[in-house]
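Think of it as A, B, C and D in the order they're written, each chain with its own count starting at 1.
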């Protein structure tokens, strides 16, 4: 069990306000790790730091035991860290296929000059991106949408498309930010299966999710954030029986759901 | 107004054409392309009352403003339309190109063919120098910086010795003959054809890039720069490329322009030019190259056609822009609203 | 476009080209039913419209009178104009239209140097004679070759005249220009002339409103004469702001023909008084009372600066036509060789197309009126 | 490069810089307010200003002050000046509201691209400029000297003439008034709400259309007053008077952080002074170059201007 993504005592402050404090996390190969916690606990902040959008105040983030601190998000992404967004953020005026191809391009070498003169590598790369994107759309079960503009897709398919786009980067770790938000129970079940499928396809997954039933069903390991601090970590069953967590969190959710 | 709108929304040229285009056979398409290009090359001979410009020489109008602004619009479209970078100083690149040929051509006898390339190159360099710092900014900050850049280039040209200061440069040489076509001040046709060829080269390049990786990267940046970055797009690099390529096109166009008008002054390169080019891009339909070309041609042709209104022509022109934008906010031929069709079996795209 | 239509187009344009260049000399241009056209080039709209319209009226008046008096054998002359808005970027397309019009045998204009320079290559190529009433930039002959002429002395003459006044009026001279082709060209000449006594210089732009920094410089330089090379809109603001500053309120203000205009007095008000102005021109009002009366009757306004010069320039063409020349080459030959009596002067051109008699007059503003002071240079 | 003059003339240059800055400020507020609520450059704002100048001019003609020989009595002057300022304010304000209605509203309702609005604005701007060019014979128009320009008092080389004093006091008065309006009135709060988050504002029952019209009205009125000050100071106008001033004012707004009222003010004064100083040190012709180079550097280190964008933090 090699640790792919490792976050060491991460602290993040915004103008004196502490968003994360001494947080330690890791995601190992082939597992689905979940990150849960009440609203404003700092879950999404973790994603934003890990993906290089924010520079942490203290602490270290390493991918494949090599630090990615200070790298630009696009570099980190190409090193193997892809994410989705709480509020779907697709390239609305591009077709579904193009959305995914944009992700797939990150794996390609060819630059601008090559594209102008249509060198053989560039043509190969284009084919590659295209076929990979097509595969992924099929894998996510939305191949019939490939020609449509992302913004015209139904909600569920937009969620799936976002995941497909992220997978196109062939990440080592896939970060999912509340993928089940707005899904009905039936869809949630399907999504659960899908995420498992993704894991089995060889992608480690870090999952932020509010829906406990889903989290507990699919994740191998759960970490709990509260007020920017990790208060617990363990298997779903451990977490469910953890008093601190129940106090801080589960109670709240039960009322909510 | 509203009735106008309903009427206009009914006549949707590009969809009906697009439909025809998609069902057209390879042969039909080739014929269409050839016919179209042929028509463009023949335009100077079609100076008749219907399309001609009564008050000004039609052939010369075809070159400037028409062809010149079409090229610039295509160039700026890469920046504004495709990548969503608001550039209000595009004239700077045009000026750099023009002065490159004016200075090197007039005083050092370098011929136009080389100067087109040099002009483009210098414009690219300028693009990098401005772009590296400026492209870190967004939206209107970038707009004002580029605007400033445009003015600076003009002011510098106005104050330097070798650019002839306010008097500008006269007697700029035309290029040597090619396949016994003579480039002559009195005959704008060859320069028009030259600019047309340059345009087609640019369009070809644009199409190449547009449907490949860079095109996707640019669109992604336009749609959502952060997400593009998260998806592994080197946003800074591609923004710079868009900026620099746009600049290169402006520079090349400038060199050809200088060679045709044979004398240039700093006050040919005011902010108004930048604004007009931007207007062309948006008027035609940002990001859709055919729209941009049509828009630019129309927007430059109308004032000449309207010259018989002499006094009031810009007035009416301005009014037209407001009305037009209100009727069709996304321009004459908006960016691909039309969704592509893919072959069920191969998954290959059928359209385009 | 069908092939037929296209080929017709080709045929037509070839025919035009043929007629334009290969038309036999002496014969009146074909297809103009015996009439010939003279074209005025200048700014009829835009910022400089005021002066432009004045010149255009002078041009029209001359032709009007010719057509009234002409004998049956002489061709009728049609009035035409191209409005460059005094800007170079506009003139090429318009100039090309003019040279392609077979009935056009001459151009009176351009009004400013920039627009003229931009149009001259076309006129030169087409051998279309040009007489400018007011473009004074020295470089123009080099662009215009043998087709370019002007009835006014150029800035190489006006510059020294201005320097002459400046040196006469003071010991410490400050030169300001407006960075236009005209202004900067003039300023450069003056700076050379007054080198010894030059205490400072600055360049503003057209549309400048805030001269306080320039005033500060003038003050710091302890200048007693300020020379402004530019046009009246800026000059009027500049002089006001000079006069309103305790330290500079008494400096002598010298400027050229770009400022010599009623508008200048309207804008600068009493501050225009006792400023020193030069021009390579007379005022129609002063030169010919009768003609001025006709002019007022015809156009309901007072003649302006260069109205007279436009009138004279047109006379030159009309004399050529009276002498039986009806096409470009012969008219050009006439202009290059003969001399013509105009209002207040006899016009003849040297090799470069400059007037053989060059003169600069000094004017001033006395209680709100432009007044002729003396002739400064007369070669 | 001559710095000595900068020192010897420092106070005079600074005073004029501040006066010019005050005029810029009033205009740039229009840009910044509109940007705050609509996130777009109101390109035709410079024309709104231009309309103001001609309103003042028109009144001066109506009052028969053209070519006035002697300045008016101080009391009469203040009356006349007030009338002019108000008239210009109303004229500009109204045209601004009209502009929004004609050129922007439909586009906004359709949620059209910001650039389309920009082009629509450019069209409107062309139209207005041409309209005035034609009706004013594209001439420079002289504004009578209604007030003596003899200095009242002076600090070193800074001569405080009445017009400068009036402009400074007037401008600061208006800025204070604006601050009150923005921070205390219902519509003012509406402006802030919309600037922060239009959607929420709508949910909170803010009538966005009214707020936006009001924003344009405010911006227009300020530009109107500015135009009267301008006429008092420069004593002439022309159809294209707005263009150069508009660019400066917009630059000032960006320099301070567009959308931020306090930023617009500071930006304007900084710019006014910069232009003065740079034009004596390097020569007027390099003024704009210096201005823009400095702007670039400011933005490099503070990418959202001196005070950052958010209007909600705005306090005059």
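The rule is simple: contacts are C-beta pairs under 8 Å (C-beta built on N, C-alpha and C of every residue); 3 or more make two chains touch, one makes a residue touch a chain.
This one's a predicted model, so the numbers in the text were calculated from it and none came from an experiment.
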Smallest count of steps, each to a touching chain, taking chain A to chain D: 2
Query: Is the number of contacting C-beta pairs greater for C-D or for B-D?
result: B-D
- request: Would you kindly say which chain has the C-alpha centre located farthest from the C-alpha centre of chain B?
  value: A
Message: Need the CA-centroid distance for the pair chain B / chain C, whole Å please.
response: 36
- prompt: If you average the CA atoms of chain B and of chain D, how far apart do the two points sit, in angstrom?
  reply: 33
Between chain A and chain C, centroid-to-centroid distance (C-alpha), Å: 73
Message: Quick check on chain A: which residues sit in contact with 2+ other chains?
response: none
- line: chain B residues touching 2+ other chains are 158-159, 311
Query: Which parts of chain C, given as residue numbers and ranges, touch two or more other chains?
result: 45, 179, 203
Message: Following the definition at the start, I'd like every touching pair of chains, please.
response: A-B, B-C, B-D, C-D
- prompt: Which of the residues in chain D end up touching chain B in this complex?
  reply: 35, 41, 102-103, 106-107, 110, 112-113, 115-120, 122-131, 134, 247, 250-251, 254, 258, 285-286, 288-289, 291-293, 295-296, 299-300, 303-305
- line: Per the touch rule above, chain B residues touching chain C in the complex are 39, 42, 44-48, 55-57, 59-61, 64, 158-159, 165-168, 170-171, 184-186, 188, 261-263, 265, 267-268, 304, 310-311
Query: Along chain B, where are the residues that touch chain D in the complex?
result: 80, 86, 133-134, 136-138, 140-141, 143-145, 147-149, 151-152, 155-156, 158-159, 271, 275, 278-279, 282-283, 286, 311-312, 314-315, 317-322, 324-326, 329-331
Statement: Touching chain B in the complex, chain A uses residues 51, 53, 72-74, 77-78, 82-83, 85, 89-95, 97-98, 101-103, 105-106, 108, 110-112, 115-118, 122, 125-126, 129-131, 134, 143, 146-149, 152, 165-166, 169
- prompt: Which of the residues in chain C come into contact with chain D in the complex?
  reply: 45-47, 49-50, 179, 202-205, 207-210, 212-214, 216-217, 219-220, 233, 236-237, 240, 244-246, 263, 266-267, 269-270
